[in-house]
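Next, two complexes with chain A in common: one pairs it with chain B, the other with chain C.
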Partner chain A sequence: MLSLFIILPLAITVIVNILPKKMVYPLIGAVVGMVALVQMAAVFLPVSQPLEIMRSLGELVRWDLAVDSLTLVMLLSIGVVVAVTVLAGTQLIKDKEQYFQFANLVLLTLTGMNGVVLVRDIFSLYVFLEITGVASFILIALQKDSDGLEGAFKYILFSAVATIFMLSAIGIFIMSAGGTSFGAIQAALQASSGNIMVLLAIAAFMTGLFMKSGLMPFHGWVPDAYEGAPAPVSVMLAGVVTKAVGVYTLLRVVYSVIGFTPQVKMILMGFGVISIVLGALAALGQTNLKRLLAYSSISQVGYIVLSFGCGTALGFAGALFHMFNHALFKSLLFVNSASIEKATGLKDMERMGGLGSKMPLTGLSAGIGALSTAGIPPFSGFWSKLVIVVALWQAGLPVYAVIAVLASVLTLAYMLMFQRKVFWGKTLEGFQQVREAGFGLMVPTIVLALAIVGLGIGFPLLFNTFMLPVDRLW
Partner chain B sequence: MIERLILWMIGAPLLGGIVLLCLPRRLQAFKSLVSVLLTALTMGTAAYLYGKEALFTIPWTGFGIEFSLRLYHFSALILACVSVFAFLIALYCSVFMRGKKGAGLFISYVLLTLAMVDGAVLSNNLVVFLFFWESLLILLFTMIAVEKKSAFSAAVKAFILVGISDVCLMVGIAIAGYLAGTFDMSQMHLPLDVMGSVAFMLLVIGAIAKAGSMPFHSWIPDAATEAPLPFMALLPAAIEKLLGIYFLVRICNDLFQFTPASGVSIALMVIGACTIIFAVMMALIQKDFKRLLSYHAISQVGYMILGIGTALPIGIIGGLFHMLNNALYKSCLFLSGGAVEHQTGTTNLEKLGGLGRKMPVTFICFTVAAVSISGVPPFNGFFSKELVYDAALERGVIFYLAAVIGSFFTAASFLKLGHAAFLGPLNTAYSKVKEVSWRMALPMVVLAGLCIAFGLWNALPINTFFAPVLGGEPAGGHHAMAGFPANTKLVLITVVVLICALINHIFGVQSRGSGLKAADHIHYAPVLKDIYERAERRFFDPFDIGLKSIGWFSRALWMCDRGIDWIYDVGTVRISAFGTRILKRSHTGNYALYLVWSIIGMGFVVFFILRGR
Partner chain C sequence: MSIHVFYIIMGLMTLSALWAVMARSLLRSALALACASALLSISMFVLGSPLAAVFELSVCAGLITVVFISTISLTQPMSWHETMQHVHDHLKKYWYLPVILLIGAIVLTTVKVTFNIKVPETNVPADVRDVLWHIRHLDVVGQVLILLVGSFGVSLFFKEKHKK
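Then we have the complex of A and B:
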């Protein structure tokens, strides 16, 4: 059953490409949307046995699939964000042929991400990472404009370097363990804990994942890729792709393979704090809306890694919760930026002003997203940041907790700057005719904003069902 | 069942007030109707609850702070009195506030105030009590400021003065809770040692400031001229007195082992005596109906504090009885002032006069209330004052003298007020003035009727209401308290003093020529003239004195504040802007550079991982 999460989107990709174009073109968006909705629904069903093993390449490469709360949360966020992406795409990609390609690639990315979060062996993990990566490269460059090509190229470059690190590490892991499943490698790593080659492999693997998650100072590709990508692709990239291939994989590998040694904790928390603070400071200096959101993403990833790095169950739960919240509010903000771009044709905040009166829904929802990012109650972001701070404090790391709180102020500062420049004040000349973007952008805007408020008010619902069960993993 | 009704006493007005706040202004008539019905219901509930006992407790914040309500004899009594007043005021408001600005807000505030007062009276935990008590402070502010812009400064003054006393109360509660190891009011019975006395005085400051005693009184006359009139009748005259004196008695009787031997007893009596004299002297020279009454609202508290401060059963019962009487006649007086204002549009005594024939019901009610407050037998004020006199005399002649002199000036000022407003020649502008409608008249008539009833049948309130408050030693003591006062010498002195006041008035009228100027010979007496002049210039107003003397302190704080602001507004901004600038400059878009950063980062990862070997 679990393999359906991977096989179904893959099969649909194949089918839609076989069927005649006339039949498929009008339906493709709806089909992908349905797949995403089914995935969201499936998360809440008792779908599957916890562990499923399939053998692909004889004894050496097995395909272990499993679910736990971490996987479920990721599957849910992937479903939500992919649905939002295809819906927003209908508004922003008018060319039929291009939309078809876009939808196909989104499906492929979905396949890859589902694979990443489900598999439990290191080689398959690598394969799915690459599937996701390659699909995203093309998505970023979809419109063949220079920004998109530049962003895609940077992403490819960094991904290639990261891949080299990870692949060499995987080689060493397989050599020392003789198998690829997480359990086998974990046992082998523990047995040879002092071995310098193994340690170097761990370092290389973690570096690769840091580059994929875009933590500072491994973040060089993030702003360009997010900015250059077409608007709906940015939503997906920021919302789930980098989270699945980078942050989720980091969490999974550290948790089930490498293990929490004091050094690993120190590395995670150190880079987490650096990303939080520097990401926020860099966001303050941006004039381009999408770049601001990209740096904000870096900063929020810092929170997730910091919380995870403290090494307690509550920290894990906080990281997980913040990852889900991030998927919601960052997708919302990118959808807002897409609406603005569609309505005004601009990405530069310096040339906007007073759009709030012309685009009230966008303005309001962007406010909700911004406040949730900054961790203001009653929005959902408040709770995850609260859990993170509490977890850090309980883990005996008050300094990190204080930094996390203070950095929230920086977050609020750049988010308010964004609000003020774009929405507040008098409407500028030339924006008199501006109106809200259409249905395809407004529906996700409203749904995501409501989800943020609803989750903020009904915070125990999700937290108790999905996040707290990580206790059992411990 | 009773537990639920207790919650209803707080919840119904609270919810009603909130709902009315949300309704639009158009529904003014509906709002009035709802408020009257709700207060009537609460009144009925309070009547049903009278004589019952209950304890309602649910855990609250922890640390020994439980949401605990206790209904017993005393709280049920105050609850009943409060709800009667709230009902009468709501009824009166439905006419008086009609068409006025902020009428809808005001009526909601009345309901909210009722809820908070009920909560404060019922609470059995000092922290819960504080919660309700402080809510009243906010409502006090809003009620004063609701009608006019100019009322804002009066509201601020009230807020600051009462707020300061509430801080004292809060500190007192903290100390008392620390000493007793519990915040449970029914388990507290602290000795009055040094720390105990400090806590006692802090709590007393909170209580008497709520009751409007000196030196926390000076907002009352200001509010009297600025706030809507029913506010004065409701809060300073009736409910705040009930609440303040209720808490004072709880402090003296329950929370502390208060005896005549304790030093704080003298302190209380001194506060009481000073309040009586100074406030009544100020009342004497006022030329505005409401302002004159407001000084009496302060002065009468002095009697209650004096009576309770004696720590003798007769004094405490006298003080409590006086509290009830004062609430009755003072509200009645304020309401009659409101009736005059409603019909003529002014409360300035120089313009009024001769209204007695035009507004006979108002005049009669006013007269009954005025003779009650002056302590004329057989009205209720006479009996409570006699009890206080008796107790004061036992503790010291000086206190007795202060009380009697206060009585003299009270009588004199009410002769002046009645004469100036209702007798004498009628101002031609008011020749068409008519009596007020029944909804405004009814509260006055009821209150005046109660003044007479509690005078003639004083055994009812004294023996059934107040004697049980003292618990073990009821009306016994060394005098029977109900009935005609046992000490006939004191009664004789009282009567002589009242006659003196009348003679004084006639003398004043003849020498100065009008009722309004009947007290001028005292106003402009050699030494008093200067003192009065300074008092009128607010020379003795603790609020103004405080404002002046606090100047340097606030300047120092201002400097501190600027410094902190600088850290926030300039310092942090500069630091973060500096960081932002460096980051921006280093992001050149050069791939190689970005990769180099990654490699450096990897260097750190490798370094840290290898350290674990």
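Then we have the complex of A and C:
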């Protein structure tokens, strides 16, 4: 049954490319949106009695797939962000043929990410990471402008280096385990702990994942890729792609394969803190809105890694909750940035001002997204940051907890700077005719803003249902 | 086969790889890469993995070289002056590569490093059909996906070129 998460989007991709273009072009957005909605529904409403055909299919394909609360949260995040991306794309990609290719690549990225979160085999994990990566390069360069090509090139370059590290490590893992399943490798690593070759492999694998996560100081590709990509692609990259191929994989591999040694904890928390602080400081110095959001992403990924690195069940739950929240608020902020860019043709915040009166919904939702990122109550970001700080404190790491709180002040500072420069004050000359963006951008804006508020208010529901079950994993 | 022949193969492969990075024309780089790949195939065959050798030879040395050369044929050749400038820049940029290779080779042949990893027995069937269709079929699906993604990428970028 779990194989359907891979088979369905793959089959849809094949089908839409076989059918006549005249028939498919008007429907492709809705089809991809439906696939994303089905995925979200499958997370909330697991089928207890599968249909006969599904059961037969499940018996035919015996893949090493598994699901736990970490996987469920990722599948949900992927579904939400893909739905938002494809909807935003209807507004921002006007060329029908280009939109068709965009939708196809989004479907393939979705398939790749689903594979990444479901597999329990190190080599299959690598294969699906590459699928997601290659589809993302093409999406970033979709419009073939110089910014997009530069962003894609940097992403390819960093990703290739990360791949070399990871593939070398996988080779050593397989050599020492004689198999590729997470369980076999975990047992082999435990048996040969202290072996210099194995330690080198672990270090190489983690370095590759730090690059893919965009953690500082391996973040060189993130600002250019997020800035250069077409707006809907930036939503998907920041919202979920980097999280699935980088952060999730890091969490999964540390949890299921490498294990929490004191050295691993120290490395995770060290890089987490560096990313939080330097990412926030770098964001403060930006004038380009998309670059500000990119540095903000680097900083928030730092929170996730720091929380996970403290090595407790609550820390894991906090990391998971913040990863989900990040998918919501960063997608919202990138949709806002797309609306602003569409309305004004600008990314430079220095040339904007007073847009709040002309784009009230965008202004209000951007405020919600910004406050949630900064961890201000009652928005969902507040709860995940609170859980992170409590987890750090309980783990006997008060210095890290204080840094996490202080860095939130920095987050608030750059988010307020963004609000002030873009939305507050008197409307500048030339922006008198500016209006809200159309339906394709307003719907995800409203849905994501409501989700952030709703999740903030109904925090116990999602936290107890999805995040705290990590206790059972521990 | 004597170990010395194996060392010669490895040495030639390293030199080909170096040539691929240092060559002044893209075409020669592609050919050097194909050469390195072919030598890698021979070393795989010598090490007792004929299947991996066949894949390496057909895909890396064969197919990828064809793709590279087809792409290079679409580009404009450089003028003599540009070529000389390129050679100069290349040598200036990468002069340390042969030095590093030489030092690395000396270190690896003089220092005896023991990694002490015991390679466990595997129960993988020898038949490639069994491996691909019964054990690694998820990876085969992955390969199909990669091909699909690649074809979308090629159609996206080459169509634009055709329009121009």
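The rule is simple: the second predicted complex is superposed on the first by the 457 of 474 C-alpha atoms of A that agree within 3 Å, B and C clash if a C-alpha of one lies under 4 Å from a C-alpha of the other, contacts with A are read in each partner's own complex, and residues count from 1 in each chain.
Everything below uses one rule, namely that contacts are C-beta pairs under 8 Å (C-beta built on N, C-alpha and C of every residue); 3 or more make two chains touch, one makes a residue touch a chain.
None of the values given here were measured: they were computed from a predicted structure.
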Q: Return first, second, both or neither, reflecting whether A:L167 touches chain B, chain C, both chains, or no partner chain.
A: neither
Q) After superposition on the shared chain, which partner residues are touched by A:G220: those of chain B (first), chain C (second), both, or neither? A) first
Q.
Quick check on the superposed pair: does A:V24 touch chain B, chain C, both, or neither? Answer first, second, both or neither.
A. neither
Q: Tell me which partner A:V390 touches in the superposition: chain B (first), chain C (second), both or neither.
A: neither
Q.
According to the stated criteria, A:L364 is in contact with first (chain B), second (chain C), both, or neither; which is it?
A. neither
**Q.** Partner chain in contact with A:I196 - chain B first, chain C second, else both or neither
**A.** both
Q: Please work out whether A:N104 is in contact with chain B alone, chain C alone, both, or neither, and reply first, second, both or neither.
A: second
Q. In the superposed arrangement, does A:V453 touch chain B (first), chain C (second), both or neither?
A. neither
Q. Looking at the overlay, what does A:L37 touch: chain B (first), chain C (second), both, or neither?
A. neither
Q. Both chain B and chain C touch chain A; at which residues?
A. 196
(Q) If we count contacts the way the header does, which residues on chain B are in touch with chain A in the complex? (A) 576-577, 579-581, 583-584, 587, 589, 591, 593-595, 597-598, 600-602, 604-606, 608-613
Q) Tell me, which parts of chain C touch chain A in their complex? A) 115-122, 136-139, 141-146, 148-150, 152-153, 155-157, 160
Q) For the complex, which residues does chain A have touching chain C? A) 6, 10, 13-14, 61, 63-64, 101, 104-105, 108, 111-112, 115, 119, 121, 123-124, 127-128, 130-131, 134-135, 137-138, 141-142, 144, 172, 175-179, 188, 192, 195-198
**Q.** chain A - residues contacting chain B, complex
**A.** 154, 157-158, 161, 165, 194, 196, 199-200, 202-204, 206-207, 210-211, 217-221, 223-224, 261-264, 266-267, 270-271, 278, 281-282, 284-285, 410, 413
